[in-house]
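The next part holds the structures, each set out as structure tokens.
Across the two complexes that follow, chain A remains constant while its partner is chain B and subsequently chain C.
This part shows the complex of A and B:
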């Protein structure tokens, strides 16, 4: 209540926009290519959706690939079967997202009654069923081969049909590459990710987010003050599935192929890894985790056969040494520093309390430590 | 007693063959402060859980304001006007006292579910009003901004009541509200509860006989899952059956001690 009206929303909007715009150029400086930057942004949308469930709702899904791959397959099949002549990107992506949302509502209706390991196992079981169906339905999905080619979807805006493979005009940026490295795909993905990010920030601060946090913290109490906990969890699951489906649909159309791995268990596990490494319950953590792991994978797996081992070691190291994830740890340290600067040092408080009440010197001991917690809860 | 606010008839709860509650005919009038007492294992908490909807009744029915609510969920019952404070304080430990109460007020304002994913609760000034009133009624004003996990035991128990109160109930169920409190703290809480009963109906389970005899309008005694007696404190005190069953035949003087 001591805070001014603003809560850093404008600053967040500007800085995150700048970050997304500058990302592919900075990425180029560390040998990351623009295509990978595009893929990172796409997959980040799924990670953000995954974090809504893991971080803000407290549910660990081990089956999010069913939404990711499901969205991708539906988008691809829509292009092939319903619009081979006029491949419309909006419709394909919308269809894929809608299918993933519907699937999430069906799976969620059963899963949100369960907790912890049982929830994870049920989502895993559903994802494995979907995997089996996709693998077996060769006539439709291509089975193990996946779908190797489908129409290049165009983006209709007004009278124009835009090919997202079009590059931006050439402009040399020295160590940061060339503007023409960037294709319109990056621009579209950047805009969508930005909207998702700003939307997620609003959601986590909204009444909905407030109730979600309350249910995560104490479900029994939440039910007995009048919140329907299952309905909230189902809504969070559906939104999470929708974002993951959106991500998968974009990725399939961008890659121009889709494989059965996109609904596989490794894919489900990747969202867990990305989100935890970046930091659950943070807005930027899922993006950071996705970017770091996808970048390292692309750099290292080309040279090293044992990338998976390294990925596993990073995951273990983060869980053991940075349980809040990378972004979570940075935020924690930052908040602790801010609180320290604002609050008088504990030594000063101690002196003050000694002056005020001789014989009662232990009063202020918690002052400096209590700061960050209070800020976080604000 | 025809204008009862809450009424049960032949209410029963069975765990297999064991009857935790059986044939409970119970009725409380609007504005009453009714105590439910009985020895350990008499089924008091089970009875409260059936009233609040956290446990399903095996038999019988519960009628609230003339409507049968036996099959209505606990979450729905809160919105009808039945709130419960827990035997062990059941809070949001990471959040402040004010925010704990704001959540209950928010639930009251927006209902069981709302897909309100953009607008924030702070625009709802009525929530703050309700929460602040509840905090005031439980005398928690000086700790309103304290993280509830850091509160002292007595304040935690009072906050639990404040949370229930912030749901704007017509009837408040208090399960041992002063358990574990010091004598002074218990007396203070008893006085606050008595004051609450001036505006709403209160049902209270408590072992503190001093307090019960002092603040209750009427008392229901349960024993082995059944109603043994109902009456004013004076009637219950004089009831030989109650003394035998509940107090093991101790005298009235001992009861007062």
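This part shows the complex of A and C:
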């Protein structure tokens, strides 16, 4: 209640923009290639959406692949059937996202009445249904083979039709690669991710976000105050599904193919893994988790047949030892240290109270109060 | 007509596998309120331990070794990793057991490779029996009888022993059992190991029918969730009824419209969750976890 709004917003906006711009170059220095950087940013959009549900709303969906793959398939099918001659990226991505949102509204309307295991199992049931429908409807979706190729969508801006496969001009950056490693795909994805990130920050700090948290912590009390918990849950579910659909649509168009695995149970599990490892209830955790796992997968799976075993071990280790995830743990330690530094020592407090005595009660030290409050909300 | 009776029999065998996996899931949920995504891993470990021992010492030794090995694994898992999660929310439990399932599956892949493997079968078991209009593999009938005997034993355990009493009471009201001094902890370890042993045994016994690969455990787990949900989480007879219903439904749909066989069971699961979340035979108090 006492927290100042917009606190650190500008700093966050600048630092995250810098991070996204510098990422592919720093990534190059650790043997990550620009294409993978693009994919990481794309999938991160889904992880951020997934975290709105798991972290901020407290609902574990075990079926988010239906939105991811659903968005991808719809985008691909729109290109093939409706605009083979003038493949428009905006329309394909918008269509895929819209379809995922509609699906999320339907599934969400049914699912938000359930809790815990029942919620997880219902989302799993719907995702499995969609998976088997996609797998069996060979005439439309290509079945097990997926859709191997579809028109390369162009991005119309004004009179220009931009091919996102175009590279930036060449400019040698030493250990950080070359500017021409970066294709316009990265630029578009970066802009979208940035908007999503800033939007999610505003959303989770808005009244909407606070009500979600209140419902997660104590639904009964929130309902008694007069909040319609189901409506809030449904809204969170729909936004989450929409972002996941957006991510899947972008990824399908970027890859130029889509496979049935994109609607599969392992894909649903991957969002769980990314978000938990990075840290639920943090803005950057889902991005960090997605980046770390996709990077390790790319580096290790080439040499190690048992990469997924390592992934499983990391996942369980994080659950057991770092329940707040990597970003959550770092944030917690940092805030605890800041709070400690700001809090005056007991001697200083004693001295202050002695000094204050003649003049009556004074306000307690501001720094000490700010500590736990910040810990909870920031 | 022949096709129909064959489909019914296939459905029964498939259903009995589901029942045997679901019974473990359901009694563990009933006693521990633990939602175990690693239960499929027990099936897979049993299948592979059974395979190795069967190759060395013969099929029957494999069937003996599988449940023992899996029960031991479950006890270690329970002591080392799962204990702190029993009191936690369903989400944390799903996450940690999902992680364990991942690790087990990939460890099996590391040891045995990704290829599907076949069990060595004694010639006497590869014969078929004539059932009037059609012949049916003898081993499948043997398997069905075997699972039924095992279910009777589990039922006797639940109905006739003190541990079973705690299990049954725990499904109704866990807190009350603890208040009255029931040792849920000790019972829970035993129930957890028992559920795992059943899954391990079925893993070994079913693998001569359905071949094994590292992902088989998880592949059987997901439909087993359908079974438990349809029957009612925590209910023994619910698992039995749900398993046979789902097995038959899947088998009969395959006969009529094969592409719909998998879709329909998840549709069934969704409908039950929405219309009767406690399941056909479940206790309504269990729902709000």
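Methods note: the second predicted complex is superposed on the first by the 339 of 378 C-alpha atoms of A that agree within 3 Å, B and C clash if a C-alpha of one lies under 4 Å from a C-alpha of the other, contacts with A are read in each partner's own complex, and residues count from 1 in each chain.
Rule of thumb we're sticking to: a contact is a pair of C-beta atoms (placed from the backbone, for glycine too) under 8 Å apart; a residue touches a chain by one contact, two chains touch by 3 or more.
Remember, predicted model here, so these are calculated numbers, not experimental data.
Colleague: Looking at the overlay, does A:14 come into contact with chain B only (first), chain C only (second), both, or neither?
Modeller: neither
Colleague: Check the residue A:308 against both partner chains and state whether it touches chain B (first), chain C (second), both, or neither.
Modeller: second
Colleague: Regarding the shared-chain residue A:173, is it in contact with chain B (first), chain C (second), both, or neither?
Modeller: So A:173 meets neither chain B nor chain C here.
Colleague: Applying the document's definition of touch, where does A:132 land relative to chain B and chain C: first, second, both, or neither?
Modeller: Second partner only.
Colleague: One more residue to check, A:29. First (chain B), second (chain C), both or neither?
Modeller: In the superposition, A:29 touches no partner, neither chain B nor chain C.
Colleague: Have a look at where A:265 lands relative to chain B and chain C in the superposition and call it first, second, both or neither.
Modeller: second
Colleague: Where does A:114 make contact in the superposed view: on chain B (first), on chain C (second), on both, or on neither?
Modeller: Touch partner of A:114: chain C, not chain B.
Colleague: With the touch criterion stated at the top, can you tell me which chain A residues are shared between the chain B interface and the chain C interface?
Modeller: none
Colleague: Could you list, by residue number, the parts of chain C that touch chain A in their complex?
Modeller: It is residues 35, 81, 84, 89-92, 94-96, 98-100, 102-103, 105-107, 109-110, 222, 225-226, 229, 233, 259-260, 262-263, 266-267, 269-270, 273-274, 277, 287-289 of chain C that touch chain A.
Colleague: Touching chain A in the complex: which residues of chain B?
Modeller: 52, 54, 74-75, 78-79, 83-84, 86, 90-96, 99, 103-104, 106-108, 110-121, 145, 147, 163-164, 166-167
Colleague: For the complex, give me every residue of chain A touching chain B.
Modeller: 1, 202-203, 205-211, 214, 217-218, 220-229, 231-232, 235, 239, 370, 373-374, 377
Colleague: Spell out the residues on chain A that touch chain C in their complex, using ranges where they run on.
Modeller: 54, 58, 60, 62, 110, 114-118, 120-122, 124-126, 128-129, 132-133, 136, 265, 269, 272, 276, 305-306, 308-309, 311-313, 315-316, 319-320
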